[in-house]
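For clarity, chains are labelled A, B, C, D and E in written order, and residue numbers in each chain start from 1.
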Amino acid sequence: MPATPLEVEDLSAGYGPTRVLEGVSFAVPAGARLAVLGRNGMGKTTLLASLAGQTKRYGGRIRLGGADITPLSTASRAHAGLGYVPQTRAIFPSLTVEENLSVGLKERPLSALEEAYALFPRLKERRRNLGTQLSGGEQQMLSTARTILGRPTVLLLDEPLEGLAPVICEELMEAFAELARTGDTTILLVEQRIQMALDFADHVIVLERGRLAWSGTPQALTADQDTVERLLGVGGLH
Amino acid sequence: MQTVLSIGVDALAYGMVLFVISIGLSVTMGLMRVTNLAHGAFAMIGGYIASYAARDLGLGYGVAVLLAVVGTVAIAIPIERLLYRRIYGAPELTQVLMTIGITFCIIGIANYVFGPTLKTIPLPQTLREPVDLGFRTIGAQRVFAIVCGLAVAAALWFLIEKTRFGVKLRASVDNAAMAAALGVRTQVVYAVSFAAAVGLAAFGGVVGAELLPVEPYYALRYMVTFLVVVSVGGTGSIPGALLACLLLSAIDTTGRYLSPEYGEFFFYLAVIAIVCLFPRGLIARAK
Amino acid sequence: ETVKVGVIGPFSGPFALQGKNFKAGIDAWFATHGNKVGNDTIEVIYRDVPQPDPAQSKSAAQELVVKEKVQYLAGFYFTPDAMAVTPILKQANVPMVVMNAATSAIVTKSPLVVRTSFTTWQTSTPMAKVAYDQGIRKVISVVSDYGPGVDAENAFKTAFTALGGQVVETVRMPLSTNDFSPIMQRVKDSGAQAVFAFLPSGPTTLGFVKAFNENGLKSGGIKLLAPGDLTQESDLPALGDAALGMLTTFHYSVAHDSPENKAFVEAARKAIGNPVELSFPAVAAYDGMYVITKMIAATGGKPDAQKAVDAVKGLAWVSPRGPVSIDAESRHITENIYLREVAKAADGTYYNKEIATFEKQDDPGLKAAP
Amino acid sequence: MSAQDTPAPVFEVVHLAKNFGGLRVTNDVSLSLRPGDRMALIGPNGAGKTTFVNLVTGALKADAGEVRLNGESVNRLDPIGRVRRGLVRSFQVTRLFLEMTPAEHVALAVLQRTGRSGRMFGNFRAMPDVMEEVEEQLVALGLHDLMHRKVREIAYGQQRLLEIAIALALKPRVLLLDEPAAGVPQSDTGRIEQALAGLPASLAVLMIEHDMDLVFRFAKRVVVLAAGAVIFDGLPADVARDDRVREAYLGSYAHAGHAA
Amino acid sequence: MDRTMTAPLAAAAGRPALGAGPLAFALLLALAGLGYLLFPDNLALLTRLIAIAFLVLSLDLVTGYCGVATLGHAALYGAGAYAAGIASARYGIEDPLAMTGIGLVGGALAGLVCGVVILRAHGLPQLVLSIALVYLFHEFANKASGWTGGSDGLSGVTTGPLFGRFEFDLYGHTAYLYAVGLLLLTLIVLRLLVRSPFGMLCRGIKEDPVRIQAMGASPKAALLKMYVISGAVAGIGGALNAISTQVVALDSLSFTQSAEALVMLVLGGTGSLFGALVGTVVFTLFEDFVSAANPFHWLTVVGLLLIATVLFAPKGLYGTAADWIARRRARP
């Protein structure tokens, strides 16, 4: 077994004076699919952003493939193999679709763009359009494709399905699963639709007010209706 | 007819000089989104270095130009690291405050070091001869400025629109955090672009010194002109800046010929009209 | 007793050079004459008004009077700055010695104003005669579009037409003009034999003179005539060969040949530091100090503005620029105006060489005023 | 549907069309809403749903077609005029004032609606009727605790809810919701539903949504847009059975069946 | 309702900590009195400072509260100054109150004209429009020298006694007290204005005009209204300047004056009335002290001040201080 792709140890982070995350620790095995759940404003986005190096860190360490990346900048973390798809999509508005994608290529040749087009044919049709001219769903596709092109070993997905048509959601989830299987990519997924997340993941953590409140397998979570109701505010998972 | 032609030539020459000096500003403002009011200050530093090299040290014009560009960039890099880096992405007004502060300091220092008098940059003989165009003569220096302008425009356009570096730069400006998350080393990208913009400023300051002579208040005196030209063209757009320079200089030159006493009126009325018609610049970069 | 003199001028900003010249002139005075008048010691207090800003000038003057208790106000590079202060002189019981501001009307605003510099009318008028005597009959006037420029245009036009010449066109160009090529084209098209030009000293003069040469006017035999602002000594190194042979009329050249001037220039150059920076405001400041010492002597160092001013009416002396006097009625300086040519000295420096003298010129602008 | 006992439409769109360059984004779309209607507009990504909203609200200019409110054409009205006639939208990508608080957002809407937004004195906190409505609206969407925080500091899902609160505070007659639940966690979509359920019956609502559970619970009528054209207009129960819709949009969701 | 719980949060949410109403005004009054006592010989400077403060406040209304970028605001100030000056010099209106009123109207009219033009664009092009406008105003005043005195300045402005009793004399007591009075009155009115629904609307427009449109309000109309108000405020300042110095010159509607006002505003902090005041006071006094101490190098020192402000007080002196206090208070 190679080194654990991602280990988080006692991470505390936030924005300026506001602390959001408090002592979060977990580790993910290679090729794992981890779902990060939690109610509104509990710190899911903050967790992912902290891993990507975009928040203020108050304490704790992050290890990527065994190497300590805590002191690294966002860009260096990306080069170390961390891919981040933020919740707000963060399309570059003044770049065309093709240029948006090519930023994600890092140093790979332009021909690699075809990979993205194969995943989302819609993007190929719109390749010359500017980022802002895309529909909400198209932007979501672009954002995801852009990051995948960088061939990350750990992929952080913050609600990548938001605003996507059901068919596309399915295809995308399959693509993620495929990525995890064949590419040895470890995936952290934040997703609002709990069932969908549970169907996808092989491991779950739940955040509550910035703390790790629960962790285990999807099956265990489904079985634990009490926790589901308390931490996620919904009843009746099956 | 002769007069018309002659005005046309003057407009072209003046426009290209403006272009050479202000294009660097178009890069900082349009691509790096820094309202860099100190642009003229860097052009001025270039002018001073060239003047010192050519006049006081007696070096050749080419060497002086090179020294000016390299020297200005060398001065600008620490300023970028210490000061500009803090205002990338800051509100426009904050940038205005900081860059005005930098301008004041540079003026004060230039005044102290070089004194308040005008500085000239001696031209080589070839650039000093008037060139005969048949219907009139024009300084060879102006022809040189026109050529430089075109060369700079082409090179810059290629760099920004056609290279990976250009894409990275534009991405970093649109959303630095996201660009970094995709592995772009935004600080390096910024530093390189800034250096390029400053180098262009210095180059323009030297090439344009015949029209806009070098003295400590250069930095403030022409600030508005540069700002106007760049935003009328559409910041960050090379063709836009070129078009704006030519158009505005044509209006300015014609107005100055026909009715100099209302020259300013024409110029600024034209600016208002153009901005109202093209509120995002003649050739706008999409945002 | 200490007698305080408040000097207001541009000591920083784009016009700092002129303020520096004020200071150099005053320092030269002290260096050559000491700072004592009888038992009184003169103390100079400087206040900076970097650009024309009458409000700032006035509040500076008020502060000088009220807080520093100055007995004399002096300096004033720009006309509006001087104008702003005239209304308070009477109440403050303080005379004002204008060391530069060159609009004729200032002396009429208060009986307590004395001027030791010049007016644009005064320096521009003789040029008409120079032009006419050279056989020039058609002139185009090109001036910067602001008060002094308009004064210069009017002065020249009045005098030239009186002589029988013709001003074929008058062009006023914005102060911010950088590119003078179109103006030169206009000059060419006007068919004039000479250009009469007025621009404030500073960076634009360089562009103007260069454009004049580059557009083939110089080689086409057209003469460039101007009051001396255009060839201010501090601009000459930059103008260089381009200005060689240019004719200007002015009240003072640093190269004026007289023992008084030699002494003055030596002291003033020492005071200013860089010798090439010395130019005309210094001499007016120097003479201004002379006038002030006379005033102090007359009043025994006591504040009495009217008495002080009365004491110098008609005062005549030999200034570094030549013989001068204060006109008893207008309180403006009567002086020689010289025709000068830009020449190159043996050591490679450029200077304004005086080639003719118009003696005892008063200010024609006062009579012309409506 | 029989026309006798149903009221006249408040909102009608006839033959609406729009091209972007060569791309036909809206292709002869006609539909209408009556008071009390609860309609869902669904369709693949890039089908032209948001564009449709932009066209009817006047943010974009249509190439052809007409938009009517209460039987009157509003083609000539600018977006502001249309809002004042009661046509209100929410934004798919939140557009909020990051430096202002939720209370201020809702208050602005209330003040604007009641014609007091131009008042140059007083403060909304001192206007009891405004404050009451603000609190009511924020309580309904669970934002009450955050009411005086800057929007910049509240989580995305909460911003989405605020987006809806503003639209509701304008008391529209026709409400266009562009993916109101996107980004809102499942635990909180209930709040949106409740808020919608509490709306006056006379209001006509058109909702764009990709969350099919929400769509089927909310909508009484479903319109499906694909490549700019309406390919289905009917009852929710029928939509999953339509082959074209299934292929273009629903995928396996249709097989799984929905809570009917 | 748990209003008690949200109240301290409101204080923490970035509302200016010192904005606590009457207290702040009392403080201001005390400062004005202190200025009078400490600098009895420098009242002319303080009066000039207050006149500029009107310009900076007026700029804050459109820039700080509405997000309109302008480097041409002196056009409004100069219009007020010339209106008041011309009324006195050419029409013999010498009553200071009347002159102030005329300045106010002049400024408001200029505000209307500038507003109509400037509001046609956003961001940088807007900045350029404002620059073009202020140059046009400047050129116009230069050309119309029959009215304005051109570049020599408009002299011959005379000011009668205030309320028919108090002369504007050399020592500037009347001018200073009048200026302080006007300033306090204006501040009270402006404070009401910025806290009113209209003020809130403007802040909304600053952040997202499209959102405001979607609420059914017209950003353009509101901004134009604000521009006219801002013009009136600047006009008062201009008139005050004309009244107290009895000259008006082209510098009062110059680009330099506009840029300086913007610098003062940003220095103090945009978007709060007190920020505008703090900026004006600090910049003007600083400039005065430094230039008196060393007129030859003050520009460098001012430059350093500006740079230091951006580095250490990025929200402006007042804005950063207010933030800091708010944070201290928010902490339990």
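One rule holds for everything that comes next: a residue touches a chain if its C-beta (ideal position, glycine included) is under 8 Å from a C-beta of that chain, and two chains touch if they have at least 3 such contacts.
Just so it is clear, the structure is predicted and the values come from calculations on it, not from any experiment.
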{"item": "Chains in simultaneous contact with chain A and chain E", "value": "B, D"}
{"item": "Touching chain B and also chain C, the following chains", "value": "E"}
{"item": "Identity of the chain that, by mean CA position, is farthest from chain B", "value": "D"}
{"item": "Which of B-E and A-B has more C-beta contact pairs", "value": "B-E"}
{"item": "Between chain A and chain C, centroid-to-centroid distance (C-alpha), Å", "value": "75"}
{"item": "Whole-Å gap separating chain B and chain D, where each centre is the average of the chain's CA atoms", "value": "48"}
{"item": "Intercentroid distance (Cα basis), chain D paired with chain A, Å", "value": "29"}
{"item": "Rounded Å distance, chain C centre to chain E centre (Cα mean)", "value": "37"}
{"item": "Residues of chain A whose C-beta touches two or more other chains", "value": "none"}
{"item": "Residues within chain B bordering two or more other chains", "value": "111, 261, 264"}
{"item": "Contact set on chain B toward chain E in their complex", "value": "29, 35, 83, 86-87, 90, 92-94, 96-98, 100-109, 111-112, 224, 227-228, 231-232, 235, 261, 264-265, 268-269, 271-272, 275-276, 279-281"}
{"item": "Residue ranges of chain E in contact with chain C within the complex", "value": "41-45, 47-48, 51, 139, 142, 150-153, 155, 169-172, 241, 244-252, 256, 291-292, 295-299"}
{"item": "Chain C residues touching chain B - in the complex, by the definition given at the top", "value": "13-14, 16-17, 20, 145, 171-174, 176-179, 181-183, 185-186, 189, 202-203, 206-207, 210, 214-216, 234-235, 237-238, 240, 274, 276-277"}
{"item": "Contacting residues of chain A [partner chain D, same complex]", "value": "15, 18, 38-41, 45, 87-88, 122, 126, 133-138, 140-141, 159, 162-171, 192-194, 232-234"}
{"item": "Parts of chain D lying in touch with chain E, wherever the complex brings them together", "value": "57, 59, 79-80, 83-84, 88-89, 91, 95-101, 104, 107-109, 111-113, 116-124, 135, 145, 147-150, 166, 170"}
